[in-house]
Each structure stands twice: as structure tokens, then as C-alpha cells.
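Some structures to go through are shown next.
First chain A sits with chain B, and in the next complex the same chain sits with chain C.
Up next is the complex of A and B:
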């Protein structure tokens, strides 16, 4: 039976990770059940772990990527630089490759017809760390310097977090977003929550991320 | 034992993020007139010098690029 056959839309896509906390508010979006808020979440200053795996993402590769404008976005000049353009961010990964993430609430573009594009939404897990105490959580998980004051935020770091290869974008000390291969998602989230419990890490709904992203913390 | 390598994309990182890709062997020899021993030496034979050598490394835990660097196996330090 297709998801629509019963007459009522149902979720037919599954996030690679799930949290034990009880959702207080959810929304069906693009076949995903999106948790907007968890019970008992209000008033907690952070840190929070937010599952954003439903957010659309693309990979774009071309030997001359620096001179192109994938989805109309300017490609950052240097490796590790991140461009923020409304709801989209574009990460310069290396000489030939960029990643594009739709993180904001603005219009959602379709996947372009150009051959260099691959939609990676269902292949990866996307997690955000939001709120006070994020650095204290992350310094237990990785030896990478995700808060290097010499780099202008937002910036991209590629490397292991809990020994899992990740793409990490630091927007601000209290807003960090990372992707990793989908297969690691469940155990990765469990390990992060267990490790971060000492710093007060709890699951958060999408709304807390949206608020932080919209506040322009990426430009601080 | 650990040391750091310089990825051309990510900068200095712990060697455990990388996979060793072997010594730089130069171009593949011309096939015409190539003896079995010469072919063997190019494909299989490796020196273990106690001096800097050019090597291939793969940044598998990071940006995923292959690159060459010069490293001294005697000290495990990169040589620039």
C-alpha cells in the first residue's frame, strides 16, 4: 500500500536516529515525521541535540567548481569556507566538491538537472548542537578544533567525531551542525547523548534550531 | 606512536585520520621490452630507506583527498 493509499498522508521516510524523549509537537513534512518540540524542553538553555536529517542536502562535483554557481550560489574561494545565502549554506570541501544544505525556512529548491548534483538527504544523518555548553559537549567527542578563533564563522571542518568521518559547520559557539553517513546515525546519537549528559545535553526539536539559525548566529 | 601529517585541504592532522598509500614509485615503465624482473621490481619491490622519501597518503577520515608528502621514516616527521 502506498503512503497515500489509505487516504491520509503517512510518514514513509525514517530518520537514521531517534531519541527516547517524548515529542510534544510533530509535523509531517515531505514524508518525514519532524519533531518540532519535545516535552520538557522549554526553559532548558542548552545544550541540545537536534535531528535535522529531513533537511535536504546536495553534493555538487565538477573539476572547475570554483568558476561555477551551483543553484545560483557563489562557491567559496578557499577550502573550508562556508557561504550562507538565506536558507541555504554552501560548504567548500576540496578542489572539486561542495555540499549544499537547506537549513532555513525559505524556499526549498528542486534538485537541478545538471549531472554534477547528487541529492544526499537520505544517505546522511544531519545533527545540530544548539545552545549554551555546546563546546563543552563537543570537546569530549573530537580532537578537532571546531572553535578556532582564527577562522571566520561560519566555517567547515572535515574530520572524525567519535571516530566517524563528519562534515562539521561551526556557525557560532552555540550553533554547530554536522553530517555523517546514515549508518552511524543511531549509535552516534546515543553515544553523543550519553557523553553529553554530564554537560546537560538533551534532545531538542527542530524549532529550537530554527530560532537559533534565524537569529543570525551564523554571522556572529 | 603518533605523528601529524599536513593534508593540503585540512591542514595538520593526526596520522590516524590517514591511510598510507605507499612510496611514490614514479611512472609505470614502458611495457614494450619490459622484463619480468623489471616489472616485478616496479610493482612489488620496496626499499626501506632511513632517509626522507616521497609517499602517498589518503585522508579517509577527513576530506577524502589523495596527496603526496615527503616523510622521514626514521623520525616519522614530514620534511619540507
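Up next is the complex of A and C:
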């Protein structure tokens, strides 16, 4: 369902959330206006909230998912486990379902022809929490135990954040990514920034996420 | 008033004076003061008046254990002066005072206590009954503490919430709590330590007694430093716990300082284990006039001097029953406070001879086996009467401060909320846990331990105990057992004092068991005399423990006194149930930050820009109408005569795929879903087990074992569960994907809808190529691929475009641009509701309800009656009530011209009998008359029938009007416009 842009590139697509901060650097990518950096962001040492809704995502379901290799990725053995393979992350959600997110800067795969795949990029708001103080920010938002030291990162937690059902992947204490239904995106992001303000949370551009994700060789 | 300089134990910074006002009088306190210590230091002795008798009340405790010092601070009532930190500029007013606290106009009530015996509210002033409302309103005006200003903004400051996860929640930051936290943290566990005070250390922070070569407060400081440095230990000070709940959920709130970004924060900690090390508090001594300003607990006097540098009194009498009281008296004497005498209710059992030596050295008179029986003075203590517990002569002393207790009692509130079993211990003379919930541990002085080394060791034992409980992350089991062996070698729980009350109690004076509710010893006797002879009944009858201090002052004493008065052994006494919250967070904090997190469609800002008025519809914020006209006449007319566009994005949209997808569809849909074909919408409905309509929508086959279907907006969130639940016993292989948020949708409706669509796409959308109920994939604008469904919910030619949500604003711009020449305009939910009602299309929940089935509302045609194989949900119920008499049926109504217009919900009556009701009714410009959809009994449900509508103008005033029954398909009954 990707439109073939005619003529010069146009911003066709709109993210489910937007921040009040003024973008300092943007990029038009696949119809999306992606904010790479916000004004005044560089000097801010604290946690940042990054909108990654433009990142492609897929749902893959099959009763025999455990034995398959969707997009060539090994399916994590247990529910809640996450596999990180280059730019792709694969989350084992339940017995029959995995979610695949393209988070890195590597090649962007097309949606495979297999029946089990459904592209869900437009169905979710994808947000990343990056930087020092992320655990404290998230403690203001959810009762989920997102930093259980008994679980090996990265890992997936499914449950409510600000009462909204979310899929949350904890990569590290300073890097957490979550998806939620797209419709909640705008008001959720506003509430997150309001709640997280006391812990210093501010909007961040994609670049700060990319740096943190690239450093994440620790979990690959 | 001059302040003491107590040295390192002092938390007040005398270099930072803070100005505040009390009753408009300017006063000075210091940074680190509480409001209570600042007031006391400024010479204030009467803090307020009591609830019932308006007796003067002063500073009694330092932890909010009574309501004596509840005050209005900066206009906010019921702020506890004992625990509220002083800030510059505070305006403080006493509560429950008429006039000046020293000369309260209602002070005379103290002399009329005979009119207010226990439970007087239930049995006095009721005769003659006609006068009761008068008394009732008067009593209600008198009762309660504090006054709220309805116009004031009390939600000041940031109120937030925080959710914590931990292996161990340690409640209490005293030596035991700190030792437990350190031991658990060293074992690799995540620890959260909650301390209600501003700093760690508990009682040790103001004790100067020697502990292994250093004063106790230094030991506390060293422990606190280790705890704060521990990697796994998260420390929360100023964080009182409000309760421990199921599965070891600990709740509480944090009070922010001026440096914190919040004013109050409600927190919840989900912990695997809980260590309760809440410590002890003074057990009040019940004696005559024990509420006079100048009577206070041991800890209060001690902390005033040691923590806040306030001289508690010039001449101080002590009537105590434990070693801590003796230690306090000796320490105060060392600080230059004159100790008049010390009475100890114990004959023996005091600490070693060094205590007696210390008393002798200081020439402090010591009276073992004695207690104060009466405080002398009306508005403040001027002296006291001392008696031996064995009887005999009394002796009168002059003093301006009377420090009294009946020993120490454990803070059982937290254990009680955790549902621990408690029993009276005849050794410690306090309530001790006999059975703890799983994962709950107890440590410290609340177990009766008095020796500082034992208290700390008990914390270590608890810390290693929780580590073992949490899954053996201990470095070695031997490491865990060492502290237990160490603790065994140390002194165990000390013997407590079983004194129930002072001698010569009563005798024309009031001896208070509960300060908050003015509950006296005499009231206890009155309760028992009326047969309310257990604490739980006395609590409800006379109000013991119902005040803000709850169980703290009244709790143990009430149980002991009642047992004593009944002649039962004291160990049979059970205290009243302690109920959370144990602390007092503000309602604004409990209400939380109040974020309104809801769903918005991809077109929210576009619709807002066109004047949409939004309303919540489930999780979604939806455009109800545009502009100022809620009847939406122009919106409706535009759809009927031209073209309109509706943002229908919240519509449920799903993909179902897999070998058994058709089986699942056959199970939940009433139609034969095998007839669903590619490129064709199959309209059908879902029922519940009772045959009631639950949902409707269309299904389109998109490939072998692959279908796309829609549901109503309201049911979208339940659809996956609905499928899974109704196929749970079948081992079917199918997968569901919720596309509701993935795809936005626009419904272009009206006679010009095709002409607009033709401008959007090069695909053939003619009636031949794209007939009614067809579904096509079309390409719009610069290559946006969309599903296009030709449907007709509003009764006009309509095309529904389903496209990825991020493209929908772009699509909207295209549609508005293409339709500009035709005068396209958006319409909202109210217009849609009117349009579909004119067409006779049902909305679930508006024209269906739990008494009606699919067939009752005229949709039985879609039920595949022949199918008995797929076990359709609701089919047996539909079969059972297919021809059942007396059922409600859906009909159309035409309201007689000139008759009063009905409203949604107006009753349909036949004489005095209700025979149905109007579900939806509107006045239609299209039809030119008022129409309605109604559910009426079957015997009235035939065309041409004249029925009566009953309107209630006002309670008791009824007006009837007339309407005629007709087909519900008022508009275009043959569906020609849909198919055009």
C-alpha cells in the first residue's frame, strides 16, 4: 500500500502524535516528515521521548510460528522474548504471533507475500524513551515491571501504560520502545510528556534514538 | 522564646528564620521546623479545641496521632501541624474554634457533658421527633473539623503518581528497617525503603545514648549513609505508607519539599516481600484531664528538645512505664530542662543499675509503682497529682509540662491492613503478630525489642529472610544464618507494662481514651452498660477511633479498658479493625493527574478546523456535529441532496486468515458466510447466546481462507475476544488482526458521491462496474491504494474508503478538493444517526436491547436457519423464541400532525399499560414529519395501528399524544437510491 509519489517528494503521511517543540532538523522519508532533532535538544542530558511511528512494523501470525523464520528471523522461543537482528526486532507475543519492527538504519524489507504477514505500521504509535532517567519516567506511567533484572534484555512486556494497552520492549535502562493503538497517540504523548516532566522528559528527534540503538550491540 | 541548641541531633537550621502567621500574628520559626514545633517554639500552647466539648487542646504527639493539631494552613483545612514542614509565609489558623483558642465561645459545652453521653446522637434529641431536624442541623454544624471554601482551588501544586516494583518493600527507616534493606540489597534484591519522616534513623536520630562507643544518633547516621549508598536500595523519605494490600502491594504517598517538582505523589509498590519495621509509639496513659495543653507523649517532649531545639517546658513531670521514658527524662535533664519527678508505673524491671545511678546523680525524684492520676490546670497544665498504683495517699506537684505514657505500643496499623493475625502479648503488653501473610516479615522494636543491638540484628534477620524467600539469591545459606545466631545471643523482647489506666480515674473529671472524638472513660462504661461491650461496637456507638488519628490513641487502650470493665483477662481483648488509608493523602493526590487519554481519528485536526463539536463515544473522541446547530439540518440536507463526507475511522476493521477462518466466521455470524465472495460485501450480524443483536458489519473474502470484515465502532475492542471465546473448544487454526487503527475510513455519501469519487481515481466506479455492495481496491491521488466499499448505511449512494491511517489526512484533502465544486461538506454522528433512522437502519443499543432478538428487530432474514452444523452463536435462542407471543418488535412511527413531539425513550402506552417505548425519534425535513423507531409489543406492531405516547412533563404530570405504526423504512423503502 505504499503510494508511488509522482513528481517531487511530498509529505503524504501523518504521524499519530506530534510534539510542541520546534524541530531543528527534519527529513522527508517515504512520505513522512521525520524530525531528526529538536531545537535545544543537544544540551539536554535527561530522558527524551522520540516518535518513531514512521518505522515499519508487521504482524505475523501462524499456528506453527515457532518453527518458522519470518523475514528470515529466528522466532524467540518463549513469550516475552525479543530477538534483535540488525535493524529488525522480533517480539514473541504469544503462541501464534510475533511482531516485527524495523528500528535500525539497515535495509528496509518489503512486506513478504506469505499469508501470515500484515503490515501494521499505520496501526500504532511507536514511541521510544531514551536517556538517563528513563526508569523514573516510566514509573510515573505504568505499574508494569519494565526493568526486572531477572529478565534478559531485550524483553517484551505487554500491558497498560497510562491505562492504554501497550507492547513495551526494554532494551536497556536507558532505552525503552513501546507501541500502542494509533488513535491514542496524540493524547498519550501529551500525557506522557506531562507526567514525565517532573523527571525531566522532553521530546527528542530520531537521531538520539538511532545513536542509542546503534550503541545497543550489548543486546544483539 | 529561646531555643535550645541540642547539637548534632537537631534538624533545625537556626540560621534560616522563616516568618509565618498564626491567627494573623506574625511569628518566626526556622528551616527544618514543623508547623507544630514552630508554634510551640513561639510560645503557642493551645492549638485548637476539641470536637465535642470544645476543650482546649495542645501539642500531644509528633506524628499526627491525634487531631489536636489539625489546622487550616493557607486556607487548606485539616493539615496536620505535627507533620507539615514549615514554609515561609504560611498563614495558620486553628480549627474548631469560635473566636480565640484561649477563649472559645463554645467552651461552656464542657460543662454540659451529661447532655452528650456515649452515642447521644442516636438516642437524645429525638423526642419530640418534630424537633429532631432542628437539633440535627445544629449538631451537624457543630460536628466536623475544618471548613472548605467551595470557591477555593485546593488542587494546588503538582500531584502525581508513581508505580514501583521491588523484591522487597521495607516499611520504616529506623535501624531495623535500614538493616533489613542493607541485608536484602547485599543479596542482590531490589529494595524500596519507605520512611514517613524526612530522614532515616527512627528514634535513634534523637537518642544520645551510647551504642558500642558512639551515640545512637551517629550510629543512625552511619547506617543511613550506607543505605543511601547501596546500589539496590531505593530510599523514599517523607513517604507514609497508607496500606499493604493483596499480593504485597504497598501503597502510600510522598510529600514533596520545596525542592521537589511535586507537592504530593501517590505511589504503589508491587513487592514480592514486605518487611514491616514501623516501630513503636507511646501508649497514652488514661488519667483525669489527660487532654490538657501541656500533657504530651514522651517522644513529643524528647523530639521537641532534641530534634527541633524547642524547650518543652520549664518544670517537667514524667509519668512513664518503660525505659525509653527514663532515658528521655535523663536526657532532658542533661539539656537543662528541670525534671520535677519521674513516676514509673512499674515496680521493677527497669534497665540496669546505671539508670538509678543516673537519676541519683541528677537528684531526680523517682517514684516506682506510681502514676499521675490527674492534671491540674484548665487551659494549660499547672501541676499534677501523683498516686501509687496500690492506692494510698496522693501527692500534688507543680509543673508546666506533664510527659506521660503507659509504655510503648507497636504500630500495628500496617500489619493489620496486611491481614496479619494479632494477639495481645502478656510479656510485652502489646499486640504482636501471631500469623503473618506470605512474604510479610516483621522486625525492630514493634516486636517488643528494646536493645538497639537486638533491633538492628532483627532487621538483618528479616533482610536475609526475604532474600531466602525471594529465591535464594543469597551468597550462601550460612551467610543467612549468621545474623539469626547473632540475634539469638542478644536481649530479646523486653517486658512491657500492663497498666490499663491511672488510679482514681473518673471522679468528676474527664479521662480521655480518644482525643479526636472526645471519647472518655465514662463513655466506655456507658457503652458497656448499653450492651455495646466490645470495641467494635463501642467504636460505632461512641466514635472511639473514628477520628483522624484512627486507632493510634484509642486502639489498644480501648480494648484493654473494655476487657477490664467486663472483668475479662486483658489478653482476650481485641482492638478494632484498622482501616486504610493509614496516612492522609489529599483527595487531589488520590484523584491523580487526571490525564484524559482518549483516541482520536486521523482527521481530528481537520474536523476541528471545520468547526466540529466533539463528544466521547467509547474510547474515541468523535465529531458529533459541525457548527452551532445540534439538529444538523444542513448536514442532513446536504447528504440527501448533494454529497457529504463522514469520518468513520473508528469503525471496527479486521483481517481473519487461516485454514479455519471460515469456520470461525460461520460460528459468530448469523448468515451463511460461505457465500462471502471476493469483491462483494456480505452484510451480516453477530448475536449472543440469547439471540440478541451484538454487532453487524460486512465481510469480504480477499483470498483463500483470508477475509476482511468490519464491526461497529463500539464492538471493535471486543471482537477478537468474542471470536476466541466462542471457538475456545475447537482446535481451529485461524488468526485475527485488528486493523481498526491501521485503517482510517471516509464515507462519501449522497447523490453526487460517485462524481466526487470519479475525480479521485482513474478506476471505473460506474454503477455497472462498481454496483451496490461491491468492494474494490482503488488507487487514489498520488498512488494511495484504498479499499472502497459501496454501502448505504445512511440510505444514499455511498462509498466507504478504507486507507492506511497515515494517508487519511492526505485523502481528506483530495476528497474535499474533488468535492468542492459540488459543495461537499462533512457531516457528523448526529446527522448519520438521523439519516440512518430515516432509512430504518438499526444501531445496536439504540434499537436493540436485551429483551429483543435479531428477529424481533426485523433482521431475522440474515439468519441461516438451515445451518445446524456450525453451531451459530444465538441460533438455539432464536429458534426458541421465534414465534413466542408477547415479544417486542421494532416498528416505525409517524407522529400525528400537531401532536406533542416525543423524545428518545418516550413510553408507548395502552391505557395504563406500558407496551413499548420510542427508541429514536426526530423531526425530518426530508420526510416532512416527525418519525420514530419504537419497540412495541407484537400485538401493537402492525401498520396503521394507532398507538399512544406518554410524555412526562414534570414528575406526576403526564400528557399523551398519538402516532401511527408503519414500516421502519421511511425513506426510500425500495432502496433505489442506494443502488443508483
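Here is the rule we go by: the second predicted complex is superposed on the first by the 210 of 220 C-alpha atoms of A that agree within 3 Å, B and C clash if a C-alpha of one lies under 4 Å from a C-alpha of the other, contacts with A are read in each partner's own complex, and residues count from 1 in each chain.
Everything below uses one rule, namely that contacts are C-beta pairs under 8 Å (C-beta built on N, C-alpha and C of every residue); 3 or more make two chains touch, one makes a residue touch a chain.
Quantities reported herein were computed from a predicted structural model and do not represent experimental measurements.
Peer 1: Return first, second, both or neither, reflecting whether A:93 touches chain B, chain C, both chains, or no partner chain.
Peer 2: A:93: touches chain B, not chain C.
Peer 1: May I ask you to decide whether A:107 touches chain B, chain C, both, or neither, giving the answer as first, second, both or neither?
Peer 2: After superposition on chain A, A:107 lies in contact with neither partner.
Peer 1: Taking the superposition on A as described, I'd like to know which of chain B and chain C A:191 touches: first, second, both or neither.
Peer 2: Second partner only, chain C.
Peer 1: So in the superposed three-chain picture, is A:143 touching just chain B, just chain C, both, or none of them (first/second/both/neither)?
Peer 2: both
Peer 1: Check whether chain B or chain C contacts more residues of chain A in the superposed model.
Peer 2: Looking at chain A, the partner in contact with more of its residues is C.
Peer 1: State whether A:158 touches chain B only (first), chain C only (second), both chains, or neither.
Peer 2: First partner only.
Peer 1: Does chain B (first) or chain C (second) touch A:72, or do both, or does neither?
Peer 2: A:72 sits against neither chain B nor chain C.
Peer 1: Now for A:43: first (chain B), second (chain C), both, or neither, which partner does it touch?
Peer 2: Neither partner.
Peer 1: Let me check the overlay on chain A: which residues of chain A are in contact with chain B and also with chain C?
Peer 2: 143, 163
Peer 1: Help me check something: in the complex, which residues belonging to chain C touch chain A?
Peer 2: By the definition above, chain C touches chain A via 158, 160-165, 190, 261-262, 268, 270, 593, 595-602, 604, 619-620, 649-650, 655, 657-658, 703, 705-706, 733, 735-743, 781-785, 803-810.
Peer 1: Per the contact definition, I'd like the list of chain A residues that touch chain C in the complex.
Peer 2: 1-6, 10, 12-16, 31-32, 53, 59, 61-63, 96-97, 115-116, 118-124, 139-145, 147-149, 162-164, 181-188, 190-191, 194-195, 197-198
Peer 1: In the complex formed with chain A, which residues of chain B make contact?
Peer 2: Of all residues in chain B, those touching chain A are 9-10, 13-14, 17, 60-65.
Peer 1: Which positions of chain A touch chain B when the two form their complex?
Peer 2: Against chain B, the touching part of chain A is residues 79-80, 93-95, 143, 157-160, 163, 165.
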